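Right, I'll just put the structure down here and ask away after.
Naming follows writing order (A, B and C), and every chain is counted from residue 1.
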Amino acid sequence: MKRIYVNEKWCLGCHLCEYYCAFANSNIKNMVDALKDVTIRPRIKIEELQSISFAVSCRHCEEPLCVKGCISGALTIKDGVITIDKNKCVGCYTCVLSCPYGAVSPSDHGVMQKCELCTQNGGEPACVKGCINKAIVFEER
Amino acid sequence: MPINFIHPEYEVIRDFNKCIKCRVCERQCSNEVHKLDPDHNIMTADDSKCVCCHRCVSVCPTKALKIVKSDHTFKTNSNWMPETITEIYRQAESGGVLLSSMGNPKPFPVYWDKILINASQVTNPSIDPLREPMETKTFLGAKPNKIERDKDGRLINNLPPQLELTLPIMFSAMSYGSISYNAHESLARAARELGIYYNTGEGGLHEDFYQYGANTIVQVASGRFGVHKGYLDAAAAVEIKMGQGAKPGIGGHLPGTKIGSDISKTRMIPEGTDAISPAPHHDIYSIEDLRQLVYSLKEATEYKKPVIVKIAAVHNVAAIASGIARSGADIISIDGFRGGTGAAPTRIRDNVGIPIELALASVDERLRAEGIRGNVSLVIGGSVRSSTDVVKAIALGADAVYIGTAALIALGCHLCRSCHTGLCNWGIATQKAELVKRLNPEVGYTRLVNLITAWRHEITELMGCMGINSIEALKGNRLMLRGIGLNEKELEILGIKHAGE
Amino acid sequence: MFREGENENRIPSGCAISGIFSKKGERISGESIIKSISVMHDRSNGLGGGFAGYGIYPEYKDFYALHIFYDTQAAKDECEKYLERCFEIVNLSKIPIKKTRKITNEPLIWRYFVYPLPVRLADSHLDEDEYVVRRVIKINSEIKGAYVFSSGKNMGVFKAVGFPEDVGEFYRLAEYEGYSWTAHGRYPTNTPGWWGGAHPFAMLDYSIVHNGEISSYDANRRYIEMFGYKCTLLTDTEAITYIFDYLVRRMGLTIEEAASVVAAPFWSTINKKEPQEAERLKYLRNIFSSLLITGPFSILLGYTGGIMALNDRLKLRSMVVGERGDRVYMASEEAAIRVIEPDLDRIYAPKGGQPVIVKLNDDVKI
């Protein structure tokens, strides 16, 4: 299965992936309208310390702790992609606590959100498309 | 604080309606132009630091930025131009030599743009490169002036060592030091994929790149940096650098700040010391000395590799080339005065040397007049900007061209001409790890391969128009060229007729 | 007269060519070749026609036969003075012609059978052929109004401005016999025609008739001029003749090898050959790269004892070869062969770049 991988060697810590992610999941057509004067809540986040930086998003684990711990059945795994059903999520934060990567986070609407490989946005994940140094790739490994 | 005489040359224009304050401009500018003003929650810019490299413009996700030339003006004066005045202020302040990078930007004539190419009509069919074979394979190296046969009458292969190129384009010498590790890796990988050669420049060959040796030309320059047996053995050819188009007659200076551990190892000099290439080779004060170095290198490489001698295009270039053609060199490479550099004194870059088009035409003609054109191949560089420049160069008489600046532009260079600051935002002309990593060789090499592949398509299209299906039939085929807006003397030197003739 | 090479104007032209060869060395009358080329009347426009015959001067076969055009008596006097300084002249005469209304403005046309003055030859440190070549180039480039258009042994070129069949009649070629003939009808596009510009073009016993316009012209010319040749006419034919003279006589290539230089196989073809053959072809293409000819051409190269037909690599000009007994026919059109030999054993169109070389049988002495 194709997953998002980050090659830390080429990550510049520019944070553009976060903005492209937020824009892609905003359902607004224009980036300026979507992101101007907005505090973004991206599903991919840059971790950085001094000269090292890399982007972190959902690993789509084969045995996901978040799915295991979900009390309402909102998190499911289908064809390897872990998705969240916003209608079922009760906002208990169990997934947030159980994810070892910190890849699940609360959204603006109270329920949880996470990277779904842009399956709802069509085509290649926005963070991969937007990465200026090919540090984030979407590939089979 | 003393008076600041210098007004910023460029201004950063930000469209605040579009700016989403993602701060990518701030993070990506090594010159620290952009900054978030937390009190007013807006992005600000310090124009005085801007070098106009377009990194921020290129990465801004909402296209909120542009750089414009300042319209701030001095009182109009056709003699004392703003640039001249500013340079005086600079020197009055620093007491130093003005430094610049990349090629001569002054408005000298660009002869490539005054030459037009022919096409077939009626009496001779043009050829469609999509339907017919179009050959661009090129060999560089001396050719024997007689054939030999064995006792059965079969031809004996008496060819001196040759370089075989899939098309007559090579990446010109740019040292590890002047450009980054990743830039070198991009060039080396692209050369291998394309079946051409790249040139190490005078900074030695990083041990990681020995694997690309079959597509590598190694340079031996006046500083002899990184030259040892293994270095010579690794390469496909050895180039003696006598001069560089951007700074004929002077050497080089890579400041100690750029000599980190990797470069120190590759150049075989202590970390942090300045790498200074003397102006002349101190073992070459005349042509007979050059001959000795040519043959020393041939001995060292057991006569298995062609030796290239690279010179800058200067006034008596034809006579110099004629001497080199008799020195045992297999290939002469000539660098015109618009050729690039990582750093050169501005006055030299902008005023010394001659255009490559004229140098090429006169050298080719001189070597033919002396009947020694077959002794050597001729490679030219110094601002070959497009496939048409390549075609014109070959038709004027070059065997192949070197491209340097064009290759760097493919890698992202925006010709901000600030290489000497070492703060290249594109990861090319810098040794700072955080900047070097901005050039991912995977991306870089693909872009180089794309560029040359595109040029190859265009070259074969142009050849097809002329009814030529093999590049060797274009070499020196000056009848395929016409001048436009050139005077008699220029046409005479170029050896071409005027359009309409 | 508007002369080729003047004002540095290059003259492209289309054309018809034809050749006949007897492998047994039987002497064929010039009449056949006239008949053959006349069929292709429409391929020329009356601005040039010519012939080359081999084995036509058996009684003078050891001497160089110089055919020379003179514009004026003064040119003739000057040239003859020069000839006397360089050569022993065995025989000289006007070339016999038949006045016809179709051929006008003829220059003075003279023929000399000569051999180099032994002392001068020895002083020159040149071989006999090279000695003659240099003298011919000197006359053509330096003596105004004189033009040597044939300089081989036991062969001769006859050419003029006019349609080829009229040129043949003008030179009374029916009265000559040779084992090999080539003919040419010219269709130049921008010249009123000059007698010297007609084909065949010859140097020593190499003569070329050519149909085409080569796109590699200036690359070839500038290379070949390094070796003492002067392409004064700026025609393809002149350059091609010098190329063959250089490759075969001076470099010592065989005719076949020379053919694989000027019409070199594509690299894709070379790569498919056996390693040894591939290396040989690669070697030839590499060292003589500037003598590769591109653009359309079909040529007949006549030389002592043989003839070669060759097309460009893409076969952009027509050429067919017919065989009947010991006779081989080569022409731009099949009709030109059928008209003199309707009953052929074989007729075929050679592939682009593939030379057809025909030689006298080994036992034939001429």
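Observations, loosely collected:
The criterion applied here is as follows: a residue touches a chain if its C-beta (ideal position, glycine included) is under 8 Å from a C-beta of that chain, and two chains touch if they have at least 3 such contacts.
The model shown is predicted, which means the values in this text are computed figures rather than measured ones.
Put simply, the chain closest to the centre of the protein, by Cα centroids, is B. Taking the mean of C-alpha positions as each chain's centre, the chain lying farthest from the centre of subunit B is C. A straight line joining the Cα centres of subunit A and subunit B is 44 Å long. Chain geometry summary: the mean Cα position of subunit B and that of subunit C are 47 Å apart. Per-chain Cα centroids separate subunit A from subunit C by 79 Å. Of all residues in subunit A, none touches 2 or more other chains. Those residues of subunit C whose C-beta lies close enough to touch subunit B in the complex are 8, 10, 12-14, 189, 212-220, 222-223, 225-227, 251-253, 257, 264, 266-268, 279-280, 283-287, 289-290, 292-296, 313-314, 316.
Only residues 17-20, 22-24, 27-28, 59, 61-62, 433-434, 437-438, 440, 442-443 of subunit B touch subunit A when the two sit together in their complex. Listing the residues of subunit A that touch subunit B in their complex gives 9-10, 12-16, 19-20, 23, 31-32, 35-38, 51, 130, 132-135. The touching residues of subunit B, counted against subunit C in their complex, run 120, 123-125, 127, 132-133, 135, 137, 139, 143-144, 146-147, 149, 154-155, 157, 159, 162, 368, 371, 373-374, 397, 466-470, 472-480, 497.
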